[in-house]
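What follows is a pair of complexes built around chain A, which joins chain B in one and chain C in the other.
And now, the complex of A and B:
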């Protein structure tokens, strides 16, 4: 049966154009997200079965809880002591795998005081479901 | 066509047969058995997640083992063997050959699967279907983990043997009067998916061997404590298993290419674009594997390359959707059960694909990665597209296999309930993922949104469960007591189009 091919070509063209648009937007957004601020405070994040340890620049350590202040940028250096984990503060779209033998980077800048959940998002064994922590954002002026 | 079940035959005659329809029947029955086993695990998982706290599964380890075996079973012991069943029945007939090219190899490929399934089920490993190192090396309890590795090794050999057989049957044994450009699209789908397996599978076979020796402590390929790198495993695994996604989905699309023109009573809109899309998918399927690994600390450039590679698969998939819709356009559709499954499958294929575009976009992936969004996304493929296409095709081939008709009303009820259930479970899981619930967790904190959405998903899963019970009753009852089918035209669509079923290969 003869049929005209042009609707198919237009359709494929539209799909390709849409994909180009999605790709370009994603590229631009990711480029901005991956631009680390130079004055960011470094926090070393270590995952192990089944809790998180945080080490601030001044050497203070916290387990399971992380205290940060509004108006500052923080750069996490994420690694693991045993198996793969994934460091996640969902409310701030912070997600980076903690892999033994590697140090991965991710940054964020909290803007409002409050409490947020920290969780592990990569399967890491028995208590993976409860490898949770708290992010406490404080307002230094108050 | 086959009417295997019309006259009683001793079971050993089917078991030791190398005839393609007998081997197809074995594949069919075994894959459906594993569908129900894997599905039962899914129901248990959903029941557990209905509320925070422990519900029916006593401890986290059992839960972890259950979702591992659930995934492994439904991918390797249901979807792939089911496709092999359809391929065994139809590919030789469609290329007009008396059997598969290597009948004995065909039987061996089948008989490797039951022991592999037994290893996986008796071991009941807990390290997810991805067997992620270093967890799988230093932390996962044996012998379950080792049994899983051996099981997968055997399944890999089986699928390589099966693929060689399909490729040779189609390329070398097709009727001399038939050019490759005349081979039906269902057979084309087996040709392309088999070629993908032949290119992709050896990589994972190597990775599995390395994983095993790492577990035994004699090597340290993926063990950082011995200087290895777990990310290397991730690359090897996804180099096989992203293309494997297309291995799963392409035969299901091929099955829809049989169903949709038949019940639209119209030839397929464009045979050429179907072939083009199959070939394109099987090539670009190899350019996207590391989109599973954005969060492992990949550089911006790497992520960009794999995002482009992933988005490149979208136009090819979209060609299939266009082809189906254009075929149904302005046609006299007969909404029999197989057609309803195929149309539902296309709708969910489109939804799954749209979600996939969001995953591929780098910044969005960091929101969705390893959350329930991903679970919802790939289940829309494996359940919504592949299982829907497969079950539709099972209803379609039912009269030709048994000589009897299934109960049409029960078939439609099965479809409607499964469709509603699938939307309830997997669309909800997308939203649940946006609220941040990680996948693979046994228990969750009592966050009100999480509870509500988990409950919607669990109820949806129970609806699917009930519909599958109806399906099982229909299949078993109708095989013995159903109305005898009119083999010339069992669905009453008119016989103007090519039916491969007129052919029957004699047993040997």
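And now, the complex of A and C:
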């Protein structure tokens, strides 16, 4: 039985348009989130059973605590010394796998002074639950 | 013919998408300061809006079809497959 096919074509067109739109939006968000600012400070983040080590650009190292300042961007170079970990600052939606032999990047720009939890988000052994750290965001000193 | 179209479709997925991603990465201009929480939440919000609207339209269409084309609907007509002895 012959019938008009235009409703089908409209349906297909709407679905394709929606998929394009969803893809473009997601792509744009990913681009915005992944491109770090030029003046971002680099912090090397190393995970190992069961603590985090942070190394600032000037060579200063911190263990289990990370001090940063508001109004600056920070680019984390995340790696691991033993097994897979995952570096997470929940309050700032920072989440990146720490993989041995690989350096992954993620960046953020804190906007308010305060203290936030850092937590490993990849099960990494017996004391994974306590592989925590503290992010301390301070106002610029001078 | 169908095989060729299928092959082209597979090639498009294998070649076009990586090339597009590569082209996208090529514009490696420095990013702007932004609050990733806001960007990610906005994306989530828009995607959820679309998901719920599409979900409502699709389920509404199915419900309407089941209601309209039930055997006991006043305007129901037999299909050729059901014979003409109605």
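Everything that follows uses one rule, which is that the second predicted complex is superposed on the first by the 120 of 142 C-alpha atoms of A that agree within 3 Å, B and C clash if a C-alpha of one lies under 4 Å from a C-alpha of the other, contacts with A are read in each partner's own complex, and residues count from 1 in each chain.
Just so it is clear, contacts are C-beta pairs under 8 Å (C-beta built on N, C-alpha and C of every residue); 3 or more make two chains touch, one makes a residue touch a chain.
Keep in mind the model is a prediction, meaning the values are calculated, not measured.
Undergrad: One more residue to check, A:138. First (chain B), second (chain C), both or neither?
TA: A:138 sits against neither chain B nor chain C.
Undergrad: Can A:104 be said to touch chain B (first), chain C (second), both, or neither?
TA: In the superposition, A:104 contacts chain B only.
Undergrad: Could you tell me if A:93 is touching chain B, chain C, both of them or neither one (first, second, both, neither)?
TA: So A:93 meets both chain B and chain C here.
Undergrad: Regarding the shared-chain residue A:25, is it in contact with chain B (first), chain C (second), both, or neither?
TA: It touches chain B and chain C both.
Undergrad: Is it chain B or chain C that touches the larger share of residues in chain A?
TA: Of chain B and chain C, the partner in contact with more residues of chain A is B.
Undergrad: Is A:82 touching anything from chain B or chain C once the two structures are fitted on A? First, second, both or neither.
TA: In the superposition, A:82 contacts chain B only.
Undergrad: Is A:127 in contact with chain B, with chain C, with both, or with neither (first, second, both, neither)?
TA: Once the two structures are laid over each other on A, A:127 reaches chain B alone.
Undergrad: Going by the contact rule set out at the top, does A:57 touch chain B (first), chain C (second), both, or neither?
TA: neither
Undergrad: Applying the document's definition of touch, where does A:38 land relative to chain B and chain C: first, second, both, or neither?
TA: second
Undergrad: Which residues would you name on chain A as touching chain B in one complex and chain C in the other?
TA: Of chain A, residues 1, 22, 25-27, 29, 31, 33-34, 93 contact chain B in one complex and chain C in the other.
Undergrad: Which of the residues in chain B come into contact with chain A in the complex?
TA: Going by the criterion above, the answer is residues 60-61, 64, 126-128, 132-135, 138-140, 224-225, 229-231, 266-267, 269-270, 273, 295-297, 300, 303-304, 307-308, 311-312, 314-315, 318-319, 322, 326, 357, 360-364, 366-367, 369-371, 435-436, 438-445.
Undergrad: Write out the stretch or stretches of chain C touching chain A in their complex.
TA: Listed in rising order, the residues are 24, 28-37, 39-40, 42-43, 46-47, 50, 54, 80.
Undergrad: Could you please specify the touching residues of chain A with respect to chain C in the complex?
TA: Against chain C, chain A makes touches at 1, 18, 21-22, 25-27, 29, 31-38, 73, 92-94, 107-109, 111.
Undergrad: Write out the stretch or stretches of chain A touching chain B in their complex.
TA: Per the stated touch rule, the residues are 1, 3, 5, 7-8, 11-12, 15-16, 19, 22-23, 25-27, 29-31, 33-34, 49, 82-84, 86, 88, 90-91, 93, 95-97, 99-102, 104-105, 117, 119-130, 132.
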